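Have a look at this one before I ask anything.
Chain naming follows the written order as A, B, C, D, E and F, and within any one chain the residues start at number 1.
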Amino acid sequence: MGQIDYGDTAFILMSSALVLFMVPGLALFYGGLVRSKNVLSTIMHSFFAMGIISVVWALVGYTIAFGSTDWALGSFMGSFEHIGLAGTLGEMEGTIPLPVFIAFQGMFAVITAALISGAFAERMKFSAYAIFITVWSIVVYAPMAHMVWGGGFLAERGALDFAGGTVVHIASAAAALAGAIVLGKRKGYGTTAFTPHNLPMTVLGAGMLWFGWFGFNAGSALAADELAGTAFLATHLAAAAGMLGWLAAEWIKRGKPTTLGAASGAVAGLVGITPAAGFVTPMSGILIGLAAGVLCFLGLSLKERFRFDDALDVVGIHGVGGTVGAILTGVLASTLIYADLAEVLADVGRGGLILEQAIGVVVTIVFSFVASFIILKLIDLVIGLRVDEEAEETGCDLTEHAESGYVL
Amino acid sequence: MKKIEAIVKPHKLEDVKDALNKLGVAGLTAYEVKGFGRQKGHTEIYRGAEYTVDFRPKVKLEVVVEDDLATAVEEAIVEQARTGKIGDGKVFIYDCEGAVRIRTGERGPEAL
Amino acid sequence: MKKIEAIVKPHKLEDVKDALNKLGVAGLTAYEVKGFGRQKGHTEIYRGAEYTVDFRPKVKLEVVVEDDLATAVEEAIVEQARTGKIGDGKVFIYDCEGAVRIRTGERGPEAL
Amino acid sequence: MKKIEAIVKPHKLEDVKDALNKLGVAGLTAYEVKGFGRQKGHTEIYRGAEYTVDFRPKVKLEVVVEDDLATAVEEAIVEQARTGKIGDGKVFIYDCEGAVRIRTGERGPEAL
Amino acid sequence: MGQIDYGDTAFILMSSALVLFMVPGLALFYGGLVRSKNVLSTIMHSFFAMGIISVVWALVGYTIAFGSTDWALGSFMGSFEHIGLAGTLGEMEGTIPLPVFIAFQGMFAVITAALISGAFAERMKFSAYAIFITVWSIVVYAPMAHMVWGGGFLAERGALDFAGGTVVHIASAAAALAGAIVLGKRKGYGTTAFTPHNLPMTVLGAGMLWFGWFGFNAGSALAADELAGTAFLATHLAAAAGMLGWLAAEWIKRGKPTTLGAASGAVAGLVGITPAAGFVTPMSGILIGLAAGVLCFLGLSLKERFRFDDALDVVGIHGVGGTVGAILTGVLASTLIYADLAEVLADVGRGGLILEQAIGVVVTIVFSFVASFIILKLIDLVIGLRVDEEAEETGCDLTEHAESGYVL
Amino acid sequence: MGQIDYGDTAFILMSSALVLFMVPGLALFYGGLVRSKNVLSTIMHSFFAMGIISVVWALVGYTIAFGSTDWALGSFMGSFEHIGLAGTLGEMEGTIPLPVFIAFQGMFAVITAALISGAFAERMKFSAYAIFITVWSIVVYAPMAHMVWGGGFLAERGALDFAGGTVVHIASAAAALAGAIVLGKRKGYGTTAFTPHNLPMTVLGAGMLWFGWFGFNAGSALAADELAGTAFLATHLAAAAGMLGWLAAEWIKRGKPTTLGAASGAVAGLVGITPAAGFVTPMSGILIGLAAGVLCFLGLSLKERFRFDDALDVVGIHGVGGTVGAILTGVLASTLIYADLAEVLADVGRGGLILEQAIGVVVTIVFSFVASFIILKLIDLVIGLRVDEEAEETGCDLTEHAESGYVL
């Protein structure tokens, strides 16, 4: 059992707080993009995840993700030894107390669930949403975390995912895609203008996300060491370059650089660097950010081509960005940052590593999409997923929550 | 000239505007209002207390047209704004004695 | 009495108000509206998608005056609100049958 | 029919609406406006600079009623909206030539 | 004198920043709940506390709270040796430099004063408010902090209050109650609808509070150690469970779960866990949060029953939540987290501990209520507490500050 | 090469995150002050700086600021050895990894560029703005940072600037002055009312700035030690006192204390303490804050006297506040906090130190003003600085970014 380091512990405690802070950030990022009659229901999607997923994490999520691999299903999920956090007091995870690690990882569970909700905006029943993310977090997220970080089979194969490119972003985007398909389009989609009602709110949300992402990525070093430092810097530069990439693409294709583009591009860059942050040099962060910014901008057209109503572009940003990041992690991972890489490269070569990354992406998409699809269909059967037409017209704030966002 | 005022459901504004435009109406003015009527209001809940809100969001639009266009405008509005559900709104018609285009000083029907 | 309604560019409201005040108009009422007209709208871009917005922000003001002041008021508005560019707006004149000052119960021109 | 427009203090809207409702008025439309009048405005201070704001927040309400209800409506508004202090607002009466209920197509007094 | 630990110091510095950040969070939490004509005056209540109370803390508050107990009134207030921070440079508090401790504690003084203002919203003169919180912070807060944390008589008796259940929440709620009574009801109370003007603002405020509360509770360990870690996790789970408890109660009683309910419930959970965070296991955090969430929801009816206009429910949330937390701290305190507890239990038993907690609550309520009542009455006599009727109708933003919140 | 300290590293990582968070804070602080039709373009000024300046910093800014002094121009700028961050991995800066220092300093470059934009609000072309801050950051900011912090000639002379009174605040204010002059007044300046459209947004921004400033000033200790602690406390007290100073001045001169005054005064206090934080006692923070609060309030009249349209008072707050702070650093620097001061005082005396501070101020103003003026004039010649009249009337959100801030 490790010896506690107070510096590392301070850092992960604060990183946990930062990741938690991303959730209200996401609430605002999403909330500003919908019409004002749905601002609260959209914000509630993220905010409520802070409640339900945190409790679920303590009860069962943690043990499924990080319980022992030493049982029949150990490649896919941890054993139930830590149910209700049993046996976690007084333990260590490296140089930090285990409860700190549990808190840190719990924040990831929360934000991942919340990310999905961007595809559900403006038409989903709150009760259905509540059930969905609860089940999803147990059945999809926790096993995914186990497979990649908890010693499960993807970890075994050697897929690199520093802070959650697959586990967080691709998994949530695949669920979002399932959601957009099962829910169907918003009333008026294609004819009515669904324009953001409050972009300053969205930019504030993006600022909070950027800020919190330092905890997400640098904190994933689980220590306040040089690795945390390079991950921090790579994260920052990727966000910056993501903004520039998106703005450049937009300026060329649409003639104007937009504020929403700047915010979206920064998020795209952050998504892209997530799997890579602890494996690449800071300067590679610029490349990854640029690529993610441009490709996510182009990825927006996916929903038009395939005609699904991913209201707030979870697929376009987290799906595309996560995939770009996962692949580029394979391409750009550097022994300067990740010494063990030398061995991997000797073993399977750069091509083999990239292939492994691609396998991780595909497994995640397939698993999360299929599972999400099934869960959603079941909920739809039993209680229905969608508010009725009139409620959609009135807005979900009033019909689902009996509240109005603004009385200015 | 006639001034036609219509109170319609907010999501109908675009359709009405397009229809009037096709009729040859060159301009109109719209704004958000709160309507009280047969369509009942709703209840809001804050910190456990219930509040009844009797007003519904509506959009009011106003258009001044030459006399002979008035009926067509009225009909187009009714056609576009109708959903058949309570709360579809009203059209009111008034007489307008004069009109001036500020930019040019043109008066009467010319100004529209 | 006459009711004069004017739809003007938002930044002209203060000037118009001051001019009417000098004419002896003791009160008026204004509010923000969206205007559709010859002045074309604009395009907005969100996440790569383009949206056309046909409505322009305008201010509408209403003032009820005695009959003999109507022309002066109309002229003052036109003078102050004119920029000469498309979208300057309109003045409309209507008949007003009665007026009451709520505070005192005064009626007719006294109420203005 | 008559159209009655009233400009009142914002916190009086509910009382006025309830009174009209009791009179048998089935619908009305309200919106926020800025009023300029005898009631003086106020001063705002930002970064040491003083700005005079002449407009006061008011609510305007509009109700179209059959001719014989007009006086009762006018009186009810005056009664409910009066505080006796300057700025209580006005009631204006206009003629309304036609009304249509969009939902049913009913016309005239039936539409109200 | 202790040896400095840079990890601990880093943690308390950041915790201090987090606690400070709760104050603008509170400003928005409260600000969104009033009508738009009072948004600035309400925000100003919290924001101004950051100015005046910080300075007052440095001048006299700190020495009253943490000055030596070694003088005549030592059981009730510290000696004046550190007036103007005299003699604090170069000193240590455990493993952190004393100035860091002073800063950390100063933030508590600020937020406690600001919390009270929820009961004053929409009708109090700014000048009266400014005088009130200044006097209150010196005469009520600093002595309370001394009695509980500074070695005063409640500390002596053995009352457990980890991060301020009594000192912060109950003390401010008792003052709020006095304020609501002395000020009287808002014009139109009971007939007009006092509905929130901007709930996204309130939710953002709640998010900032949750984030900052990690500094508040985990930081109260004064070290980045395992205790900080379990306090952090307990805090997070209590917030989450508080949200769920409130929403469940609301869903059952009113038929809808509201966004404001989610935000209020999270805050209730955070209030409840505040005295307990360093004495209970993380899983107990869930129990405390649930209890606080449900009971604070029910506690809202107090103001109707007793007919006082506690505009933003300081009594219902901080009073009820603080009391629930203080009592449950006695019930759930665990030797797993707080080893010294064994001795206490041996001494007075669980019942004795709970009694001690109850005594702490009662002393705090009586002291703060009576003192606040007197201060308010005196201010009312001299300069008047309340704006005049017309000002109340126009809104305090214009009449007290010559500003408008929004020109959108 | 130093030994890494995890506590210090944790602290500077978190401080870097806090400084980054100041930028969206500034975006909102500024964004709330303009008319709603310019809210996004104003926010974009700050937000975009997070993108472009971060990348530019990694590419060339860092090496110009902190590259070796050991070459021909070493007194004015660093050598190009670290271009593209070459040779920075695996290095240390004191007890923290060099990449952490690079990230921390990069955030300063971002916020400094963003600060200038307050003078450009409501009328500048976005393309011109983008070019300006890019060039300015390379040609003005990085050399300034070198001269004061990187071993350049002002450092040599002994000017004290702990966290950027000259480098950040005075340099940006001088550029803002140049901008206000070259751009000219906003259409309607003097006749139309340019009143803030959303003061709650501005107060939130001020809260974020205050919070982030702890990273800015305490982080400048580059360690989680007692110096960081006193700098933290001095910063906090100066912000508080700045608020009180401004409010008092305003209450006396205008009859009302305003919310915007509270926010502005806090920022003024923070600006004032920036150069001083690590050289003065915490109690001196109160003096500096009070002075900055009062003098910045009075400094607002400069723009009326000299008839330039510094839209959001960069000169009045950052120029005046930075100057007050720089001079008072000389006056109040204390050997209790900064032991090496004894030597300086022995050498040149208090008067000599103050003179040196004044020289630092003058050099910064002259250099930044002249360079900014030239850059702006060149951009104006080539592509034009200002949007056309009609665009100014419509608002820059629509014309520059094809977006609307609000559809409420």
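List of remarks:
The rule is short, and it goes like this: a contact is a pair of C-beta atoms (placed from the backbone, for glycine too) under 8 Å apart; a residue touches a chain by one contact, two chains touch by 3 or more.
Because the structure is a prediction, the values reported are computed rather than measured.
Between chain C and chain E, the least number of touching-chain steps is 2.
Common neighbours of chain E and chain F, listed by label, are A, D.
Each of A-C and B-D has its own count of C-beta contacts, and the greater count is at B-D. For B-E, the equivalent interface among the listed pairs C-F, A-B or A-C is A-C, as over half of the contact pairs agree by residue number.
Computed from the mean C-alpha positions, the centre of chain B lies at a distance of 17 Å from the centre of chain C. The mean-CA centres of chain B and chain F are about 51 angstrom from one another, to the nearest whole unit.
Here the CA centre of chain A is 34 Å from the CA centre of chain F. Chain F has residues 5-8, 10-11, 14, 195-196, 198, 204, 254, 256, 258, 260, 402-404, 406, 408 in contact with two or more other chains.
Annotation for chain C: residues touching 2 or more other chains are 31, 44-46, 53, 85, 94-95.
All chain pairs that touch, listed by label, are A-B, A-C, A-E, A-F, B-C, B-D, B-E, C-D, C-F, D-E, D-F, E-F. Taken together, the chain F residues at the contact with chain C in this complex read 188, 192, 390, 393-394, 398, 402-404. Of all the residues in chain E, the ones that touch chain B in their complex are 193, 195-196, 250, 253-254, 256, 258, 260-261, 264, 297, 300-301, 313, 316.
Every residue of chain F that touches chain A in the complex is listed here, in rising order: 4-11, 13-14, 16-17, 20-21, 23-25, 27-28, 31, 39-41, 43-44, 47-48, 50-55, 58, 84-85, 89-90, 96-100, 102-103, 106, 126, 198, 201, 204, 397, 400-408.
Only residues 5-8, 10-11, 14, 18, 35-36, 195-200, 203-204, 206-208, 210-211, 214-215, 218, 223-226, 228-230, 232-233, 236-237, 239-241, 243-244, 247, 254-260, 262-263, 265-266, 281-283, 286, 336-337, 406, 408 of chain A touch chain F when the two sit together in their complex. Every residue of chain D that touches chain B in the complex is listed here, in rising order: 3, 17, 21, 26-31, 64, 94-103, 105, 111-112.
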